[in-house]
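Listed after this line are the structures, all set down as structure tokens.
The same subunit A turns up in both complexes below, where it pairs with subunit B and then with subunit C.
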Partner chain A sequence: MSDQKDLLGLFKTVAERVDRRSFETVTRESVITDLGVDSLSMMQIVGEMETELNVQIPDEDLVEIVTVGDLCSKVEHRLV
Partner chain B sequence: MRTFVEVIRDNSVYTQHAHTFVRVDGTERVVTFPELWKWACQRANRFRELGLKKGDRVALILPDPDAFVLAFIGALTAGLVPVPMYPPMTLAKMEAYGETVRHILASSGARALVTVPSLEPMLRAHLVDAAREAGTVSDGVRVILDAELEGDLPEKAVAPCEISIDDLAFLQFTSGSTRMPKGVMVSHRNLSANAHAIMFDGLHATSKDRGVTWLPLYHDMGLIGFVIAPAFAQVEVKFLPTLTFIRRPSLWLDAVHKFRGTITFAPNFAFALAARAVSDEQSREWDLSCLKAIGCGAEPIQPETLRNFVARFSSKGLRSEALLPCYGLAEATLAVTFGSTAEVMRTEKLDAASMHRGEAVLVDGADGPEIVSCGRPLPGFELEVRGAEGARLAERMVGEVWVRGPSVMTGYFGQPDATAEVLDGEWLCTGDLGYLVAGELFVCGRTKDLIIIHGKNFYPQDVERIVSETDGLRPGQCVAFARAGVDGEECVVVAEANSASIDPREVASKVKLRVRAELGLPVAEVVLIKRNTLPKTSSGKVRRRDTKVRLEAGQLDLLVPRNAPVPKARSSSPARV
Partner chain C sequence: MTREPVTRMEERLYRIYMEFFEKAERERRWSLFDDIPWDKVNKDCSDDLALCVETFASVEMYLPDYVASGINVVRPWFGRAWWQANWGYEESKHSLGLGEWLMRSGKRTKDQWFDHYNVIAEKTWEAPFKTARQMTCYGAVQEQATFVIYVKHRDYARREGDEALYTLYDFIARDEIAHTRFYQEVVTALLEEDREGTLADLAKVFAEFKMPGVDLVPDYDARILQMRDQGGVDRDLFIRKVYLPVLKFLNIGRHEMLAAQRKALQDRNDERKLAEE
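And now, the complex of A and B:
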């Protein structure tokens, strides 16, 4: 479950659900603001990922997230 | 008239009620009213020990609601003037955040900043920058960690300070639609007057009511609506962290259900979010019949959003009468008008052509704009609608809304010029456009945002609604405004593109066609910008005037270069270098 690809896939699925558009070309290196995800959508994406995986990322960690990979790492960290 | 601090003190004797604080980590903390007063005195004494004196401004950046509330009430009890500030959000543009922090600290003249260890390094960096900019470090801002305020609950609570009803209570920074927020001076008299009006006249609250809120406490609706006003009616409140609600929207109404909440408030967007994101599974057990007031304010109210919300949860016992559109602004402390807790939301469908002339004429048709009644002014408040020349207008004539009443501010802190712009004696210019019908207020938009072309009035919201529905653009992420053109005023649209792959020309011409077809308004230019780059306030409202200024200054993140509508043959334009 903590496999990198799974989390990236989960991000895409959830982001598509929240923002209602395709995130097919997203990689772990993608900068989230460049994807045009605003902070409200971002919080919803984080929330849905957390619910799906039953983890919680502390707020102060969220401030440090810049890329999709950063978000995946924060989630991975909580899964371990 | 008692001050809020006296109310907290008196409540500690009269009741064993308690507030429940849900923290960011999910744990709960219950603080009884007697404890609340003891903690307030303990915090107040700590502030004093740290060298802060009556009247000193102290900034608060505290994400957990319990920490915030105790520090806030403690500061008031010590006679300090708290300055609530918003914590950085995820993905926040840190540069812009730092700029706002520096601006608020400087313009409030804060002597101290209370925060948590996780935010301290970042905030300290901004403080150093601020000092460097100001060229003075002499009296710098002292950073106090929340843990330094903690201590043991005192046996006997003694407040270190006498506070009178006309003392300044706190500074509410409000961004409006300008870039740099201004600090509204809220006095204890303002607070007591508005708290009474909200709880007793607006909500008919008793000590049996229970509040539920996830609203940010650095904002007037959360702070006054749920920290201050409920105390006057001994109402217990359950506080949820804001981001927790955004992450898991079901928690809001789940808390109402479990806590048997009777009063809750939210801005329009939250009704849309809850209606969309709550699953049947999450809401299976809910019984929302306990809710007697679910207030809506703080941003323009979309009747359709509220109707969808009621439709979504009516099977859970949500009564449509509970929905309570309200109107208010930080400059009037919080609330000015309230809908009725006994009636369903009222709206009016208006004739679009008459609206262009500034007249609100009812129509039966489906196409005109629909405006929500925000109810009647609370006791002690008076409303006037004034025309462009300042004359009072008749009923159903659209003009600028002015307010007079017991909780109108005395001014913006340290900004006499900005104050003079909005205060005319006791009358406050709200900057909102509206009209009155039998004492009921209908709000249509912001005065300064009105687009007047060839003498006809157009509301940016109407243009933006149409733009939002255009394929390839992001709903709600657009603004319309007027600028001076060659033949007088002309309308400009700035909109965020959904993706970089849209055809800008096709989208622009679609926007122009549709706006002209529906409103009869020619759009001079459609400027497409990248996703998530439209200027917004900290609460997510679009900033029309700021967007206009940035467009002119070439500071917007354009999707494609503008085919500049260069004024023809103007020799005054700057020479190319």
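And now, the complex of A and C:
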């Protein structure tokens, strides 16, 4: 659970840095497109999270990411 | 403008164009009059299909602006100037073909079609980026996106039982992917010349990208909603079929783009905030 929280926290931090606005109310269930995050910002958030955690999500998996939780799960999978 | 001796880059761009042109002449030419099975237009097709065709045609009808703007930016470079002229010829067939389909299908009269052109001509398209390199990057991305949309709508035409439109879209899509490859070959050469600068320009283009008809074509937002229902580019498709393939062709890793993208996104977001204030 704490790892999940940390990844959610990391998402919020990175998203705020990329989009320069608050993502405080975001949960793992939040749909990324509903957050007003466009394609390129999404790629930037993914890339910066990968860099911070030293993991790489395969390109073909990127299109499966719909919610914040999907992204966190992809990262978690690579961390194990 | 002072003319300098022919550089290796100029020679390379000329060679890229000649390879493109040879392939176009030998393998890709098509005739609006002989190669489209106009007798297979489905006059009972839906009005939604016609609206999509008219939207494609509308965007293509800003051709005079695209050509004027593009050719002036690259005028000093032989290969690229000739490319622009040839590109204009190929693109001119697209709007003509789409207009022909609208009239032959009975979905628009000749008067409606000319009236529509007059409405289109009231506004002028302006290049979204300032430099030749940025516009080349824009071409690489925009043509790829256009190709993807035409392929999706080619399938839509087949579902509606219109072999004429299917064939026309197929020819147009082939042209668009050939244009994509030309731009991407040029961007590859530009990357070799100045990787950091070209990555910055490419990131700027991705950050500020919009299709050429935005803010120009009448009722654009409503038209795009209809287009998306039948095969437009949403976020997933843009990533999967445009962003990642462009990077792959250019041999750029996602992580290599991060620094340039960070700056481009910050600049874009700052500009948007400024505009809102």
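By definition in this document, the second predicted complex is superposed on the first by the 78 of 80 C-alpha atoms of A that agree within 3 Å, B and C clash if a C-alpha of one lies under 4 Å from a C-alpha of the other, contacts with A are read in each partner's own complex, and residues count from 1 in each chain.
What we mean here is this: a contact is a pair of C-beta atoms (placed from the backbone, for glycine too) under 8 Å apart; a residue touches a chain by one contact, two chains touch by 3 or more.
It should be emphasised that the depicted structure is a prediction, and the values quoted were computed from it without experimental measurement.
Participant: First (subunit B), second (subunit C), both or neither: which does A:10 touch?
Facilitator: neither
Participant: For A:58, select first, second, both or neither according to whether it touches subunit B, subunit C, the two together, or no partner.
Facilitator: So A:58 only meets subunit B here.
Participant: Mind working out whether A:43 is in touch with subunit B, subunit C, both or neither, as first, second, both or neither?
Facilitator: both
Participant: Once the structures are superposed on A, label A:33 by its partner contacts, choosing first (subunit B), second (subunit C), both or neither.
Facilitator: It touches subunit B and subunit C both.
Participant: Across the two complexes, what residues of subunit A are contacted by subunit B and by subunit C?
Facilitator: Shared contact residues on subunit A: 33, 38-40, 42-44, 47, 50-51, 56, 59, 62-63.
Participant: Which bits of subunit B are touching subunit A when the two form their complex?
Facilitator: Residue positions touching the partner: 24-26, 63, 88-93, 116, 118-119, 122, 241, 243, 246-249, 269, 273, 277, 474, 496, 498-499, 530-532, 540.
Participant: Would you pull the subunit A residues touching subunit B in the complex into a rising list?
Facilitator: Subunit A residues touching subunit B: 21, 32-33, 35-40, 42-44, 46-47, 50-51, 56, 58-60, 62-63, 65.
Participant: State the interface residues of subunit A toward subunit C in the complex, per the touch definition above.
Facilitator: Touch residues, subunit A against subunit C: 18-20, 33, 38-44, 47-48, 50-51, 56, 59, 62-63.
Participant: For the complex, which residues does subunit C have touching subunit A?
Facilitator: Answer in residue numbers: 206-207, 209, 235-236, 238-240, 243-244, 254-255, 257-258, 261-262, 265-266, 269-270, 273.
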